[in-house]
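Each of the two complexes below includes chain A, the first together with chain B, the second together with chain C.
Coming up: the complex of A and B.
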């Protein structure tokens, strides 16, 4: 088992990083009438960990007996029958799924699948709770329509069902849905907190950590705890005993983006643009999210640019990411950003150095 | 229907008014509907306004009061965004229900007027095509059917439908009304809220009573029966003033890297950027030593960014863009570079 799973705290009182949030959650579910919840915060901050521990707090160990299945739903839209396949994780008390996986058909998932589940009383009515829990991941990726479809369901069936919604950016969840939940912010752990978690794991694994080693990994992780733990395990696999200056290797794709930034800083030409396009394709084919590519590229460029240019380039990055969101072919917008960058940078070079 | 397990509903549902007269703050519509209970006259209705102001509550209450529990099922069709309401449904389900003649059964104690009610809740999520398909149905069966349209944004309802309805805007609840409703719940639940906590709660809920009730319930669970303003603020997720101020301070340093660091920090803390920008706007507007021209430039940027966020743009990039433009405005740097 990977350390990220092995050392995921299983109960609310073992959650160390967000101990205050965990204590609050425990009190919140002490009665039968807790509100719907919306967890939000950056990736790898510990949302899922809290949610799983909370469900265990509500239902006891029974909630840990989960089965994973790929279910196909046949949905009659009046004109045709859609088949939607979705992965679901369920126990006797709760169901977890990711409705945005249905893409532009997500509305039907909410209207048919989720509503049906919410309507029905829990299978185990003798259990501790009179309701069951539906965990919906990545609700910020749901279309507006699908989000609207949640609204009345959340009210109408609130006696038999509680929703726990989870997302990275709550700005993308409509106001009407947010108004129906208690919003729980899960911030990224500080570097110090990450160091503590790493040292804890080190102790459990009987590892000797050189001074400053955990801190270096924490600094590299961008306050993403999952990443820090993964880096830590990679280091262990790579070389143990650890050496005092050992560092985690950067992720492959990040390394690749960093090369792109060097490419376009050294030469601004149609030929180079074409070469960079191939690299973008490569990244996209490997399922790296285009906005992550753009953000990483921006970060790399910002390290090397003049102050005036920083303002300009960050503006265009925001501009093209927005366009990308509206459009459907990410490659066009990544490329447009690079072309824009090249032209600005070239002009700057000519103006400064002739 | 009596709930099986009475305590298992969140307070927002537990304290949903069952009768029109208990809906707070929306006097105009209440007057019209109270009248309906006597005369049985009812125009088509259009309710619009922000979340948590009583629109769904009012529509459901009047329908229940008109028909009583037994007739409700056969006389009222409630469709909301969780139902498929595409053009097909309009042409079949809605039309069929609208066309059925009304029986003469009456239940003692209820007015049981000779028409049915179709409630289209969250109607702003219906497509224009589906709305257009409704026009005919509405006209053809207006003798035996009344329509209720409910939405947040009236502009999403096509004119031909809107013009056939009596329109009512549901206002955000005022501080006094909100307070008295909250007091009522506090009494029922045995909670203690001083006047300062009450006004804090009203302020952070911004006229949305549903939100106020959720905050109240959460605070009650977390902090017991005596609730202070700080308790309420901590459950509400309002962004602390310092966070907003330090973003402005970072911009005032004029250093891009300083601002970038602050922005990254805000994102890591998980604060919702749309809300942060609303609070940033307040701070900018109320800061005395920023000249109007600079304020205008920053506000313009905030407006553009808000739109981008609604479109689903990345929060970090958008906030960084705002911070960068704020620096450029404060230091009178041109909007685009000229070499």
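Coming up: the complex of A and C.
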């Protein structure tokens, strides 16, 4: 078992990083009922951990017995019948799934699947918890249509079903959905907190941590706790007793993106743009989300950029990130950003060095 | 009801001004066997059958008909139309020869001898040589008895074979498609009509001629009868199963026949046939060749030979057509001689008509001459308002259109009169006028899917931009990015607006490419690549599926995780800490993956893929 799972706090009491949030959540569910919830925050900050702990708090150990199934949903759209296969994780009390995996058919999933699930109201003799919890991941990746039908579903079946939504950025969730939920912001843990967690794990695993080792991993993890723990474990596998200057291997795709940024900075021409496009294709083929590519690329470029240009470049990155969201072929927009960067940077070079 | 107004043709002949753009009448009429003898037979045959309808059809007033009109109302209508057509000749008081014959010139001037053929001499010679060889060849040889003729419509494939057959004195056996029982008829009529699919009938026919070939006595050592089989009408198949059946049937025929067999295949224009999911003539062609058939490809008839034929016809009809008109017809027919003759006959009906044709050509020429001064929109308006009334619709291949956009040919002289321009543009926004039609027109002629066009433009445009001009590259790419947004936005809206948004997106993409590319790279030969994007998307999808599937196999940890987290965090580190780190994994790292995944051979779009290597010249 990966340490990420092994040391995941199972109950709200044991949550260390976001203990304040955890306390509030516990108070919330102690009142028998709870509203729909929307957890948002950067990845690796502990949203899922909180959700799982919350469900356990609500239903007790029964919620931990999950089974996984790959269910095929038959959806009648009127003109034809769609078959959508979707993985889901379910226990007696809750169901968890990732509707955005259904791609552009996500709205059918949201409409039909949730409806069906919500209809099957669990019967509890004691009348204690007569509702099911439905955990939806990556709500921000849902299409606009899907989010709209989500809104309707929420209203219609709110008696029998509680939704817990989970996403990275609440700005990509429509207002309508947001206002129907209690929004829970989960911050990225600070580096100190990450160091604490790593030291805790080190103690449990009986590892000797050299001074500054945990801090270095924490810095490398970019305030992403999951990544920090993964790095930590990687280091352990690579080499145990840790040497004082040991660092985790960089993520290969990030390294690749920084290569791209070097390419862009060394030459600005259509030919180079074409070469960059091929590299983007490599990344996209490996399923790296284009948003991550753009973000990482921007970070890499900003590192080496003159301060005067930073603002403008950020503006264009935001512009094309938005376009990417509107459009469907990410490569067009990624490339447009690179082209714009090249154009600005070249002009800058000519102006400053002649 | 009694007094029938002269229907179609007359109205179009008198109301020439409004109907000038329609080339319909002549082309539509072409199918009706309007020759007088055929018609009267037809009536005689039908008249005997259905008596009760007599009154009604008589009421419809067959004014000029000498025999008692008696036919089905539908047939009456049919007669009416064909009669209208002949009536039109009469009413216009054309020269006597036409009135006498009342025949389509296409039928009348079917080439009867080799000299009359408009096809290139060498092709005719090829076909003739082949046929002669086959006719002389000993019976026992197996295979190699089949000839496949390919080419566009109306280039004279069948006519060549017929003329040669007549020349050699051979009998021509043709498969004439039997009158089909319609499926609806089969369903509803309680009569004994049996539905037989075209394909089945064709199979039966092929079976028969194969047997015939066997039976054909080799014992009659005396001068054997010369027989050529001509298969002109291959049934349309849809779907793989039917195509396979047809293929099997034809292959069998080719391998076993011992009579010279000529199969003529019409090449449809690529862009025309790709939207209907019909059989692919090229598949069929390669199949036939694979089975051992000899192939001769016919090219479109040259303008000059069409003109020659037209002049000959005019001479024989004693009709004095101006040279320019003939030229116009010949050019606009696009190498289709049947069409050219048809147009000629249509023009000869009404002396006023050809003046309009000439007028159109004059405006065309005029607009060409003063192009640099007049904004293009105006000339576009002219030529679109008055399309050549006799021309076929021009079609461009997708690659031709792409070439136009990518090469971005413009006028070189920049003598733009800025003072005259009511909206002076900034220097850097000004472009010389295009040396081509308006982009939208080209797009409509190429009729490719908008998505395809933008993908192709995106893939190839960077090659055409000068290496110094990064700014241009940005402008172009940003327009493509806009086009992508438009295309995506149009996905869910209603049908009509979707269409509109698609058109706009295409226009934005094409014009963006034209406008943005202000510094065109020096022209050289380019290969148009097929978008790598398609491959990428396909392998992305398969990779994603794989990742999602693996999520199940591996430990419970990943199951609940988001897809992006798995890809960006778990997978890269999986080598060390993954659940299966003991077995050596083929790493899916971007560096390591190289071509291996991309090589997966992904034909994103088969129909276009094969043209990857189409080299396009500057056009």
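Heads up, the rule we're going with is that the second predicted complex is superposed on the first by the 346 of 354 C-alpha atoms of A that agree within 3 Å, B and C clash if a C-alpha of one lies under 4 Å from a C-alpha of the other, contacts with A are read in each partner's own complex, and residues count from 1 in each chain.
Criterion: a contact is a pair of C-beta atoms (placed from the backbone, for glycine too) under 8 Å apart; a residue touches a chain by one contact, two chains touch by 3 or more.
Bear in mind the structure is a predicted one, so any value in this text is a computation, not a measurement.
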| Does chain B (first) or chain C (second) touch A:24, or do both, or does neither? | first
| query | Who does A:48 touch here: chain B (first), chain C (second), both, or neither? | reply | second
| query | In the superposed arrangement, does A:82 touch chain B (first), chain C (second), both or neither? | reply | neither
| Partner chain in contact with A:310 - chain B first, chain C second, else both or neither | first
| task | Please indicate which partner A:270 is in contact with in the superposed arrangement: first for chain B, second for chain C, both, or neither. | result | second
| query | Can A:138 be said to touch chain B (first), chain C (second), both, or neither? | reply | second
| note | The shared contact residues of chain A with chain B and chain C are 145, 326, 347
| task | Over in the complex, which chain B residues touch chain A? Could you list them? | result | 3-5, 7-14, 50-52, 56, 80-84, 86, 88-89, 92, 121-122, 124-125, 152, 208, 210-211, 214-215, 217-218, 221-222, 235, 237, 255-257, 260, 267-275, 308-309, 311-318, 320-321, 324-325, 327-328, 333, 336-337, 339
| task | Could you pull out which chain A residues touch chain C in their complex? | result | 1-2, 4-5, 43-44, 48, 52, 68, 70, 87, 89, 96, 98, 100-101, 137-138, 145, 224, 226-227, 230-231, 233-234, 237-238, 249, 251-253, 256, 268-271, 273-274, 277-279, 281-289, 292, 320, 323, 326-329, 331-333, 335-336, 339-340, 342-343, 346-347
| said: Could you list, by residue number, the parts of chain A that touch chain B in their complex? | reply: 24, 27-28, 30-36, 40-42, 45, 77-79, 108, 110-111, 115, 121, 129-131, 144-145, 148-153, 155-156, 158-160, 169-172, 175-176, 179-188, 222-223, 291, 294-295, 298, 302, 307-312, 314-315, 317-319, 321-322, 325-326, 344, 347-348, 350-352
| chain A-facing residues of chain C, complex | 458, 462-463, 465-474, 477-478, 480-482, 484-485, 487-489, 491-492, 532-533, 536, 539-540, 543-544, 547-548, 551-552, 555-557, 559-565, 567-570, 572-573, 576-577, 579, 581, 588-591, 593, 597-598
